[in-house]
């Protein structure tokens, strides 16, 4: 009885809330740069998490996920910069815009499977890139949309503690709220019957059809939801990055977020978050020593593929289990 | 509105573009068709081929006809590199999900790109045209540089040779069987491992060769790997995933759309090929010559 | 209940299933037998919509379901188990069954409730009825082969089928496992008043429980009737059973 | 108690050297493309800047403090450049930002400079957007001439060819190329109303095969061409256009405002260079006649510094960018960005190619362009600029 309750207790803890509170202290206990990094990590984590809804939960390898990140950042950036629309409208608009984009492209993509699916998503993301790069009047073409304004955060100034922060730090708090709400929603979706259906599709699409699931429709729904959350991440990133640029949508970015996700581990809810944090910190650490970051990243990737295919969280879980078994055996001996 | 000789010139120009692309994309298509691996590093092999050719020309400079030797050396060098990569890395990942294959080849892009930068620096380099192919001649009033004709013929030769090997030789039958069903091939007792290594080496050879062959008419710069893989990818997608002839016709269509697209919408050269890809993907997601595999 | 008329399927030039007629009445236990490659699995896939027939019709309860997608056929009360075990290996046994139950109840699009709080009693009950209650929390992929087959049956039952198609339910099982599984199937069919159509290569099993037997050979049904009639059929004896004496071996 | 004091001591000691180092040097953040196609230019610019820093430090630094250059690879991506700029400001506490190459990077980083009130000097970015009235702010400065000057000086060259009536343009399809061509067309229409623009081609940046563009342009039978294709693209373009008889058809009447008159492209092309065309350059590098002594000395030092046989035409921009900044610091007597920004207005400073002055209104220098015909010179295995002629901005500004 006792043995059972400990993990159950651990499972009871609302981890999203715990992480949120811990991350919230950063502007007060850390430097400006720590807040900067934390903002970047939070946004990347949401982006990676949205990808993992496809990769880890549904088993769909999307190599064009950056398209929906990009749509979100452009929609939000254009609304806020060009039309001075408030953030509270621009953010949902970005999510809806990305979800719609995902609906249109996903409709064609889910007709294919496996590597074909990956290639098709990649192809569509490149089309989005070409549009962003070319449509000067709307997207600013290759020069993008610099100087996207921060949202109006005057309401924070009346809140004790928050009011004293710089705008970038206040934006971090806002980002953290949006990201954590999104993570909580994703967690809820994964734990829902819908999430369970997605898992069955990952495990065995043929069998999933035999229990009465319209596999394509479920895949498309997952694609749309993931696209929407990627759009939210994109919208936040455009503001954080003080501008929206066509590089956001170029295909190596899709590889980057994929690396984040599997670096953390696709089999665990927190994997993408761990992966995002690791990659962001590693990148900033290594780029200040050498310009050969791609070389380092490539090597990390090889190690990951051949030595730790489960990612960091997967590796830790395996390690812990091994330890537990070892100590358990000793205890019983 | 347009003279015939002009339209013919435009057609030839498109054909040149097409055959350049086919040289590169053929290897990508082969590996994809047989091994179901989307090899992002194919562009890196192309780049390494170009750099190796330049290096060989520098070393061989005084020798006559050094270019041909250099091109061959570059292609063989890249084939060797490809073989090593297949044996040491790729081989261990066939059984895994496609996610891991994609990321493995992407890791190679990162590593090879920086390796080339470390070895050859960031200066732009180029190689002179071999003297015997320096000139040009008139066809129906349009100028066709000899070297472009040579590239076109090489492209067609590779297409025909590829077709011949794929359809007429025992190895080709194995390759086609492998494309249809990997397990069945294993059951037939064929040596799948050797077949895949051979395929990858052949594909790398083609990448290295095309990299070497474009040096007389293109600059060698860092980043050409990423640039070229996108174009090759578009061609493969248009032509049909995994179809060798599809890649050939995909290249031809790409070249002609680019060539005539700029006459109709001069400011949209970049967009025309992407629009083409979009239309084809919407109508036939598996490409023009691909089969609708689920 | 289930009718098949003139069903054919060609792969390239090869006719895997050729002009098959079959009828299974409500509550009946029917078997399709035949040597390997006779077209039994293909026939099943045609009935469940996993394959499109070249010609012919499939009727379930008088409704034409020819070429209808598998997930829709499932909704019409037709469940299936597969020859190769077909479960969700990384999920727990309970989740396997729960997923099927939720899918059947139309809860699939529900993205806000907690799945592990739904259908709990039903899932446990179902597991108990197929004898997997002790393994409920185990990861499905780690079960023994026999248990996986049981689980597969459980998944099929979760959609509350009226007709159940079982493709070699005892394939690869030891004698005792086979015995238990058959007893289980018989009991469940009785309790739930299921119409059962199954393929099987173990003749002892077939002749012990089937009410009707169809014999397939090279894509065709060469004999069709009750066990005694089939056993007596001269053509069946010649092409399939050989001239060996037949009967329950037990 | 003892333990506590000890720990405190260690803590304090660990802080001191970092703080001292920060106070010691003047930190300059330098994001530049060091990978990808743009690194062809990014690397020599950075080398020029590094050489300037080492020279200034060797002569005692500025205001008694040494300079410290923090170079980072911006990958020619606006997104990465912005991230680096902010990292340099809030993590490395740089005093100034210098750098960025492309027309997307510079305006993006300018936003960051404005937000953080830090002087930012863009050495080579040419887009007019950077200093347009809507985007101008006290901290942004630009060394190079902008796309207007590129287009207009090119137009002046072509306008000088009296028998030319039919002119075509070819330029890369993005802001830089588009803006330069617009400036060119506007200017030449005024200068030579008799000239007709017969064709405009827009290959993409990084085009691997120009043949269709070249054929299409030749069909319109232009007498002269304004070209803005540069870098590796120009090498590719020239190698493909030559055998198609393109340069012969226009009688080498081409003016390329993409800085292809320097050694960088000439060296890569060797004898494939289309001898006879006109081009501009920041620095012609090889200056057969009447070379200023300061330039000659600069090139010698540069070759020694980079250990290369021939210098790059882009190093001057990196070199001058550091001197522009340090002269501003000297004039301000401070490293405070507000003071330096004020000091830079109207500031004149010396460079190996002559004196440059920051315009108080536009925040740009008066740097012009060297123009000249590219010819074969037996002393070199590549094309060189014959009699580089400095076209100052004067007549070509708004």
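In order of appearance the chains are A, B, C and D, and numbering begins at 1 in each one.
Quick note on the criterion: contacts are C-beta pairs under 8 Å (C-beta built on N, C-alpha and C of every residue); 3 or more make two chains touch, one makes a residue touch a chain.
Values in this document were obtained by computation on a predicted structure and should not be read as measured data.
Using the mean of the Cα atoms as each chain's centre, the chain most removed from subunit C is D.
Rounded to whole angstrom, the centroid-to-centroid distance between subunit A and subunit C, based on C-alpha atoms, equals 42 Å. Each chain gets a centre from the mean of its Cα atoms; for subunit C and subunit D, those two points are 74 Å apart. Averaged C-alpha coordinates put the centre of subunit A at 34 Å from the centre of subunit B. Averaged Cα coordinates give subunit B a centre that lies 34 Å from the centre of subunit D.
Chain contacts: subunit B has residues 113-114, 117, 226, 270 touching two or more partner chains. Among the residues of subunit A, those touching two or more other chains are numbered 133-134, 294.
Counting partners per residue, subunit D has 34-35, 173 as the residues that reach two or more other chains. Pairs of chains meeting the touch criterion are A-B, A-C, A-D, B-D.
Interface residues of subunit D facing subunit B in the complex, by the touch rule stated above, are 34-40, 42-43, 173, 200-204, 206-209, 211-216, 218-219, 231-233, 235-236, 239-240, 243-245, 264-265, 267-272.
Only residues 2-3, 6, 9-10, 12-14, 16-17, 20, 113-114, 117, 121-126, 128-129, 134-136, 142-143, 145-148, 214, 216-224, 226-228, 231, 255, 258-259, 262-263, 266-267, 269-270 of subunit B touch subunit D when the two sit together in their complex. Interface residues of subunit D, counted against subunit A in their complex, comprise 34-35, 71-73, 77-80, 82-84, 86-87, 90-92, 102-104, 107-108, 110-112, 115, 127, 129, 135, 173-175, 205. Those residues of subunit A whose C-beta lies close enough to touch subunit C in the complex are 188-189, 191-197, 199-200, 203-204, 206-215, 218, 221, 225.
Considering their complex, residues 55, 61, 63, 108-109, 111-116, 118-120, 122-124, 126-127, 130, 133-134, 251-252, 255, 258-259, 262, 292, 294-295, 297-299, 301-302, 304-306, 309 of subunit A touch subunit B.
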